[in-house]
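The structure follows.
Lettered A, B and C in written order, each chain numbered from 1.
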Amino acid sequence: MLTYALRRIVLLLPVLVGLSIIVFAIARLLPGDPVQLAAGPQATKEEIEALARELGLDRPLIAQYWSYATGLLQGDWGQSILTRRPVWEDLRIYLPATLELVFAAMAIAVAIGLPAGLLSAAYANRWPDYLSRTLSLGAISMPRFFLGLLMQLFFVMQMGWLPLGGRFPLVEIPPPAVTGLITLDALIARDGGAFLTALKHLAMPAAAMSLSPLATITRMMRATTLEAMSQDYVTTARALGLSRGKILFKYVARNAASATLTVIGLYFGWLLAGTVLVETVFDWPGVGLYATKAIATQDFMPLMGVTLVIGALFVIVNLIVDLAYGLINPKARYA
Amino acid sequence: MSAAAPTMASARGEALKRGFYRFRQSWLSLVGLAIVVALAGLALLAPWIAPHPEHAAGGFAMNARFAPPSRVAWFGTNELGQDVLTLVLMGARVSLFAGVAVVAMAAALGAAVGAVAGFFGRWVDEALMRLTDLWLTLPGLILAMAIAAAMGPGVGNMIFAITLTWWPGYARLVRGEVMARKEEVYVQAARALGASPARLILRHILPNVVSPIIVKMSLDVGFAILTVASLGFVGIGVKPPTPEWGSLLSNARGYLPDYWWTAIFPGLAIFLSVFGFNLLGDGLRDVLDPRARR
Amino acid sequence: MALVEIDELHLTMTSYDGAAHVLAGVSLSLERGEIWGLVGETGCGKSLTGLTLSRLVASPPARYLSGAVRFDGRDLLAADEETMRDLRGRRIGMIFQDPTTNLNPAFRVGTQMIDVALHAGRVDPSILGLAAGASRGARRRAARDLAVSMLDRVGIVDAARRIDDYPHQFSGGMRQRVLIAMALIGRPDLIIADEPTTALDVSVQAQILALLHRLAAEDGLAILLITHNLGVVAQIASHVAVMYAGAVVEAGDVRAVLKSPRHPYTQALIAALPRADVKRGALAGLPGVVPDLLTPPPGCRFLPRCPIGAADCARAAPGLAPVDTGQRVACFRAERAA
């Protein structure tokens, strides 16, 4: 298990290098002259050339990539034109916000999706199944930004129960940052009031965000449950008198859940990228909002940084899920 | 050979009949088909049936601003007095066209990469698939936004940008199918007769992997429409006055909650079209890909 | 009264193509202490017959047309799910073909056995050796002890420790022993073993068969051994029933049937067995194919392939009738076949 894990971790390195090459290549191949943009519309030809030299953009591409890559390793992810701060510093502030959102959304999706899928399979082709399948298809089809607006319309503007957006009131002092996830930090600081405030801010964006993983997990769980229910060991268990409930909730549920949970890894990266829209609607200060603002101003270094961070997280989470799968499923450990 | 031909034809006919039977059994697929057909019809006829086609070209009526839904203007009017129903109908043309175009182009690009990788194998396969896998790890929406923003506004640029993030799924699918097919006897026979690689791929292999590609395309159209609307919502892609559902919705955000109708109807249009295509795609998958059936 | 009585059972399976008449007059009866081999080719309905005894055939698509299935005098076709559950695992144990897929890979062997023991104990507390009102903890401990002793009994070395292993930590033969132990936990009267040795190595097959034989003798069990392999039947069965296309065509004492088969199908089966005294390549093949059960031939289903069939065999299906050598045969011309 340990050597397997180590080997997988070593194999991660070429993937990360490849990722940085692709991101670099896309940024360079895109139309639009980053120097021109950085120098501003009034810059003269000499000023632009001077800036290009200063930024090293007049050198061959390979040399440029090399200095970009070595910079990445030293924590130099470039400078944001918009915030006028190092991209790395910005990411350190914005990434925890996005992670908090994604974790919360995933928690909601797993908590509801696993039982919903299990029940859907247990009642396959009867009304609870049809209801759950139609609802999940509806959930997948619902644009998250539209759902976000509807929720704002109802919970904020109509009922006044929740804040419109943001992560924590600007006028209040957030709990001391330990994990960077405000809800967790509030719990660590034993600050119930701050926890509740943070939770209220988190509720709507997380719910909007959870919709499509929820639907996917439900559908996946239904399929894996049906698959598990057709296995020989279920026939044996039934032949030896175990009740349907016991077979379904104890034996089948674990097999189906461990197969379903691998999907979550695949979904994680997708969710990270998908926060853009929800963060825009709820003004949630995460990497998605950061990227959107960078795109609007053609600010390339932050954009490359965000793309790289999300890509890397995606690969790493997949690895973690793979390793965790080995722990849940004893048979995969030796494979 | 001549004796086998009719049996094969009738076997295929039988399979189609069973598939159609399953499709009709599925009530939801029929609803999906109805939604898609209705939307396509409305989109095609929009210039003739929309109450104020001139509004979609930038025309406005400042004396009729923010009229709530009524018998005159079913979906109300917006901040420029434009008829929301007109904008939504004309927007269907943009969204449906862009959604279908993205999927078609992505499928073509992905199929090309996948077929080459699967057919030639070895280092070609290795190189192309590594690239594909890496590409899959990139955050698609952010990438599409960045490319579209860099290329400037326009429906074509937006379609191109989304296509660039969408092809890897098809590449993987087609590669697997091609690898499975290329060893089959009819391909080997054609190869022995001296057919060129291009001819082998185009004439002998790809026609036999069409149905999984169609299944994936039908499942993808809904999400492509959703992505188009997403770009519109963050203000990238189509520029006014061209009505696009996502940008209509984004524009209407500023007028909530009082003028809710300016947001609700474009939003519902996105939901309904994505939902319709997803229902249809699910049904088609059941028909064309019995393996995935549950 | 026999322990198991299946009497003229008819059953159809409905699919897109229509209703297939898959069991067409199955009759069988087992006494305690008897090992019955149920043989026939794939699709002849032998596994289905085993599953009907536990009522594990999903209905629909299955539909019971007529006939009876009785266990210890009780009409199983009329029994509700509750009654059947009380029988399963307690009085009727089942063993299936592939020991790899019949144990849940994600759970320890012990967990799976203890659940079966607890179920059997709920039906009959004396199985756990406890009084009716024993505490949950006591029942769990007793169930675990019972599981360990069963593993020990089927020949698992160091059972007390191995019980906490996962299925993949056992070899194929050992897994089948675990499944046999599981089936025995409830002290059943009947074991239905569906191809229990088919997935195993030849050397292991013999051990498993010997184990089943020993257990049947020790406990006075009735065993219904479903197999396509006449060799297996010859090794351990006391009786044999041969099925063809959904019906029993010959049944009786194993020696009588194997030595002087009277049904032409049984004769062909036995003739097809590889034997040391027959030259290679001289195996007797049976012409034709198994009939389509959606549209079975009228009368005797074996007629299209029968070497001795006559026109009147198509009028009605023959019933089982005794012949001079003791077994019962479903053939109008059985006496001539001697």
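Going forward, a residue touches a chain if its C-beta (ideal position, glycine included) is under 8 Å from a C-beta of that chain, and two chains touch if they have at least 3 such contacts.
Keep in mind that this is a model prediction, so the values were computed, not measured.
If you draw each protein chain as a dot and join the dots that touch, you get a simple line with two loose ends. Across the two interfaces under comparison, A-C and A-B, the one joined by more C-beta contacts turns out to be A-B.
Averaged C-alpha coordinates put the centre of subunit A at 53 Å from the centre of subunit C. Mean C-alpha position of subunit A lies 24 Å from that of subunit B.
Across the complex, subunit A meets subunit C through its residues 231-233, 235-243, 246, 250-251, 254-255, 258, 328-331, 334. Remark: subunit B residues 28, 130-131, 134-135, 137-143, 145-147, 149-152, 222, 226, 229-230, 233-236, 246, 249-250, 253, 256-257, 260, 263, 267, 270-271, 274-275, 278-279, 282, 294 touch subunit A in the complex.
Of all the residues in subunit C, the ones that touch subunit A in their complex are 54, 56, 85-90, 92-94, 96, 98, 101-107, 112, 115-116, 119-120, 123, 166, 168, 179, 182-183, 185-186, 192.
The touching residues of subunit A, when paired with subunit B in their complex, are 15, 18-19, 22-23, 26, 30-32, 133-134, 137-138, 140-143, 145-146, 149-150, 152-153, 157-158, 222-223, 226-227, 269-270, 272-274, 276-277, 280-281, 288, 291-292, 295-296, 298, 303, 306-307, 310-311, 314-315.
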